[in-house]
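Chain naming follows the written order as A, B, C, D, E, F, G and H, and within any one chain the residues start at number 1.
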Amino acid sequence: MKKISVRTKVLTGTVAAAALAAATLGAVSASAEATDTPSAAAAVKADTQNKNLAQTTGLTIAAATKAAQATLDAATKAGQKVSVAVVDRDGVTRVLLKGDGAGPQSPESAVRKAFTAVSWNAPTSELAKRLAQAPNLKDIPGTLFLAGGAPVQSKGAPVAGIGVAGAPSGDLDEQFAQAGVEALGK
Amino acid sequence: MKKISVRTKVLTGTVAAAALAAATLGAVSASAEATDTPSAAAAVKADTQNKNLAQTTGLTIAAATKAAQATLDAATKAGQKVSVAVVDRDGVTRVLLKGDGAGPQSPESAVRKAFTAVSWNAPTSELAKRLAQAPNLKDIPGTLFLAGGAPVQSKGAPVAGIGVAGAPSGDLDEQFAQAGVEALGK
Amino acid sequence: MKKISVRTKVLTGTVAAAALAAATLGAVSASAEATDTPSAAAAVKADTQNKNLAQTTGLTIAAATKAAQATLDAATKAGQKVSVAVVDRDGVTRVLLKGDGAGPQSPESAVRKAFTAVSWNAPTSELAKRLAQAPNLKDIPGTLFLAGGAPVQSKGAPVAGIGVAGAPSGDLDEQFAQAGVEALGK
Amino acid sequence: MKKISVRTKVLTGTVAAAALAAATLGAVSASAEATDTPSAAAAVKADTQNKNLAQTTGLTIAAATKAAQATLDAATKAGQKVSVAVVDRDGVTRVLLKGDGAGPQSPESAVRKAFTAVSWNAPTSELAKRLAQAPNLKDIPGTLFLAGGAPVQSKGAPVAGIGVAGAPSGDLDEQFAQAGVEALGK
Amino acid sequence: MKKISVRTKVLTGTVAAAALAAATLGAVSASAEATDTPSAAAAVKADTQNKNLAQTTGLTIAAATKAAQATLDAATKAGQKVSVAVVDRDGVTRVLLKGDGAGPQSPESAVRKAFTAVSWNAPTSELAKRLAQAPNLKDIPGTLFLAGGAPVQSKGAPVAGIGVAGAPSGDLDEQFAQAGVEALGK
Amino acid sequence: MKKISVRTKVLTGTVAAAALAAATLGAVSASAEATDTPSAAAAVKADTQNKNLAQTTGLTIAAATKAAQATLDAATKAGQKVSVAVVDRDGVTRVLLKGDGAGPQSPESAVRKAFTAVSWNAPTSELAKRLAQAPNLKDIPGTLFLAGGAPVQSKGAPVAGIGVAGAPSGDLDEQFAQAGVEALGK
Amino acid sequence: MKKISVRTKVLTGTVAAAALAAATLGAVSASAEATDTPSAAAAVKADTQNKNLAQTTGLTIAAATKAAQATLDAATKAGQKVSVAVVDRDGVTRVLLKGDGAGPQSPESAVRKAFTAVSWNAPTSELAKRLAQAPNLKDIPGTLFLAGGAPVQSKGAPVAGIGVAGAPSGDLDEQFAQAGVEALGK
Amino acid sequence: MKKISVRTKVLTGTVAAAALAAATLGAVSASAEATDTPSAAAAVKADTQNKNLAQTTGLTIAAATKAAQATLDAATKAGQKVSVAVVDRDGVTRVLLKGDGAGPQSPESAVRKAFTAVSWNAPTSELAKRLAQAPNLKDIPGTLFLAGGAPVQSKGAPVAGIGVAGAPSGDLDEQFAQAGVEALGK
């Protein structure tokens, strides 16, 4: 998904509606965005000014899958049965893998560790220590302050979080998550 | 948030942990990402390869607030009491305004209309018509197939959705949402 | 919304139903209350006695938006990326702003801090200290006992709460919330 | 709760914090707002400008209880076993009564009917008819488009909703709700 | 918990279906159980054996309302703004009153205190002390270990719980709840 | 629903607290009601007046288990893989059995059918037909209007519901549920 | 459910669709898997390679029911009123019994203890002790770290969990759960 | 995970507790089952009888990932932006991939289509047609009756479901899901 220059013209809603109606003549279900063809562009209703836009950096699904797989492989190599999650900077899950034999608590635990790591841009083993000073941090919905989550960074900013759960210790979980992070640099 | 060039060096987790420990000496609570200073950058653990990264386009909070305010103003001018929501391409709410006198059902209704508009990149008045062919679309969690939602587009792709609820008809709601979209082009 | 004198006549449900049927001849969707015109008033079914009524004081949406914007501006000026929420005395969110770059945990965290501040009419930094005596207060649904929430008061009574989340410390978050409160006095 | 004039002075957060600390010396748990005494008023941190404030009209708990009881009595007199709910204009439940022998589905059903009636300021028997034109209205969270809900109005504006569930027909349920509305005029 | 005699005859599903079909000729909505008339009894499909049945003791709605009202009156007399809940032995809410000016956190807090009191048949002030020995008791869903809940007992067994929230201390809340319990003995 | 005689003496909260404290000297966790011994009775705080009490009839766990087992056996005999639920008149699940090979949708489906049957005191196959007249009945939370639920009655009143899900048709599901009902009469 | 050899042939979706259409000519509702007849096998669309498959070991419903009943019997014999749950290795409830007189908190508490025991393959009394080292383990959704849960093992691996709640102490609860486990060996 | 023979000896809980205590001397967090070593086997508390056990067939994580990747590749090749889910026979998500540019509604939609396909062992395009006869099937929690879900079968029995959402039509979604199913046969 390359960075796009932004159109400035704003067409009316009426034109857009017509274009959309045309687009729906076939059987239509759960459709995503219109493909970026010239004719579709012609129907654009509200191209916004460049100044209105901001970019959020995230992993491609290819990269997220690569990281998740490397994480799971590290766990398997160590004889551990775990679940692995990769969430983006918005806290949305991009990849979830429930490994063979991983416990029923592990998928949600992995997702929350990943969410926590990307929210504070730090490994959850470090974040768990912060509770000594601010114990109620752990009451923020969606978080889990257990070792096993690691942030993925670009220029120091968090772009994703990797979470692992299921090994006998959170430190082991976090080793696997770090292996996933490192796989992105290879 | 300008587009950043991406570092390629990958430091070890140990170094990162040290840097993070140093960063937590003060009273720390609910902290967001580390500030992008050179010393913080030095601690980067997992700068990823450029090929791993993708950008998602969204509205700045300034633009989203401007659009929401224009939407609410249009409703107020028409004597209607409404709630207004702006959600981003990930479906996350960026702005929510519950207007004076708006009914208790209106905030959630506005959020769902915005979510629906950005998910399918079309006004919800159009999407409601698609149910004739695919009636169960409306069972997808988070959606609401009622007029009142409008997508915000950049080069034809959805970057946000604006949802309005509370006027006596969905068509009125959607007029206000369109006013919000158009305000972004001014 | 000025204080209204209250009609005492009670009309029958049948008359009201007729009026409502008349009001729905156009396309109707998600409509709010009928506009306060004489003809609508004529259809009133159950005007209640004055003694039955009580007033709840809250912020106008204009004031709530002003406060939220001042809060976000204070954070931006300090280089912090935060989310801001304003909730009313009933705990209902009036304004939510997810700032640029604010973490995914921050909107819900901001809402809960605002909810907590308005519920107990005190800054959440103070309320967090009360847990030393009553630790289970924090188990009340909807609350978050972390610094960053501030009450808005009228004659000492709480009329709203402002919550902030995303800065590296709750004390910073609360400074921004206080800036929002103070903006209401300007 | 009479309408209050609004103080304009804004004290600093520091003073407020001190006052709050003083107020918490006793055992404190789940405390509501400070009582409106002169000394408490002296600690007010953020008395807001009059222009910032709006009033929402609702029922007193005495009135809401009276209406709910009259509703339940009407049902009992008719030999029906029902639940009764009164919600305010913000959609918050003020009174809930699960009558003797009322089915397990009835409390939530009553709450939703009341919520729906106050949201659109019309009896739910009327609102159910609107679905012919806007069928997806019923997908708005919190609503139930079944007869049995009636709005309580002041000068035509909705100030509460009464919902009933459990009788063999929604029309019966709504008769009881109307009896509750009418009791407020006596 | 003694047993009642019951009918022993078991009719077939077919007969029952016919009776039910007959019962639905009118407009039918949200209907509760059939009234206990002889003709209805004739359609009984599955009267069970005496040995199959057990009785659960609870409050009548009249008693539950009386207790809730006495509780609220005690709080009002003390100048406190609270919410009051009465739940039965099955944990189901029978009465909920959100008093004038009670905070938004108070209704759910009152319900949970009542639930906790009836679950363990003890005042929640006592139950909170048990956490010293079994701290994770408070993680059981639906509970709240804060003073303010009191059990209603019959022959020592719990038949209901009364919960109060909103006063400046849980001890005050619980005094009001006890006033509600005692009103049942008058 | 006849009433039982009960104790009328009301002891004070102080005495009760003492008794409770004594009862908690051992390791205490998740304790249910005190056993009904004379010494426990001596600590009774709030024995209520006879007029305050009502009885709800339900199945013993022995009967509910017998019915559920008979239901599952009928399904197994017919070569069907199903889940079975028995809920009481308050809608609370008493027995849940997820049979071997039953689909993941079946337990919740069975619970909801049972809930629906006991709420309206009719087989869900009959209730599904009522939707022709009142289509929005099915929007009541907790219900499912699919064949497969059957009420258990005592003197014509519902005392439980049995729900089945997983067979290729709801009619089959309901046959098994009826077999469970009939087993109670043997 | 014996271990099956796996077909390797992959038929096309078209053939499968035809077979499925044929299977739906009768009234069809909530149907589970097709019965394993030769003709059904002929329509198989996607028989997978053996290497793709793994087996998860669990209890039969007969065994799970036997264990749950033995658990409840042990509690009844000891004069305790409890709920009992059996969950499988995937955390899915197989059996739930709410015993006579068991408190409203007990079913969910029993399910969570069973879930916790099977997730970590240890009695919850042991797991509660681990919180001394990793206190945030208890924040993992679905868990409850209170005595009363016991794993069922096959060759040392967890195949189910039994949870009990309602006795005056968790140690008692766990004795009953162990009785259920031991009944499986008889 | 090969099929294991089952031990029959049942050791006591005391021995197991000792073994478990020994296993927890290191830092322990979110640990899964004990590794299957002889010494661990010696501590087995409740090895069950063979007759108590049943096997559930599912995909290995390797197979599930392969199928999900093939599904996503097929969508990408067709220029569509989708999310993909693989759930097992228990309805538990094994793999979730949110593809680049896929809408915010797509992950949950994909999960539900997969859940629906494995629950009824049929493509969701077929299942959607069944609603003509049993329209309320779609009210079963967790389901979504939209084309895009396909079952994975072994000997005709469902062992997994693959769900896809995000393409402009459900038929396209389902083509991609079928590509995933077919990849398992290669």
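The working rule: contacts are C-beta pairs under 8 Å (C-beta built on N, C-alpha and C of every residue); 3 or more make two chains touch, one makes a residue touch a chain.
Small disclaimer: the values here were computed from a predicted structure and weren't measured.
Under the contact definition, subunit B and subunit G share the contacting chains A, H. Here the CA centre of subunit A is 44 Å from the CA centre of subunit E.
Here the CA centre of subunit G is 16 Å from the CA centre of subunit H. Once the centre of each chain is set as its mean CA position, subunit F and subunit G turn out to be 21 Å apart. Of all residues in subunit D, those that touch two or more other chains are 1, 27-33, 54, 60, 90-92, 100-101, 103-106, 109, 119-120, 134, 137, 140, 146, 165, 170.
The set of touching chain pairs reads A-B, A-C, A-G, A-H, B-C, B-D, B-H, C-D, C-E, D-E, D-F, E-F, E-G, F-G, F-H, G-H, using the touch definition from the header.
Looking at the complex, you find that subunit D touches subunit B at residues 54, 87, 89-92, 115-116, 118-120, 134, 136-137, 139-143.
Chain contact summary for the complex, subunit G toward subunit E: residues 100-101, 103-106, 108-109, 112, 128, 131, 138, 144-146, 165, 170. Of all residues in subunit F, those touching subunit G in their complex are 23, 26-33, 35, 60-61, 65, 69, 72, 79-82, 92-107, 109, 146-148, 165-171, 173.
On the side of subunit D, the complex with subunit C involves touching residues 1-8, 10, 13, 16-17, 20-21, 24, 27-34, 36, 40-41, 43-49, 51-60, 62-63, 66, 88, 90-92, 119-123, 125-126, 129-130, 133-134, 137, 140, 150-159, 178, 181-182, 184-185.
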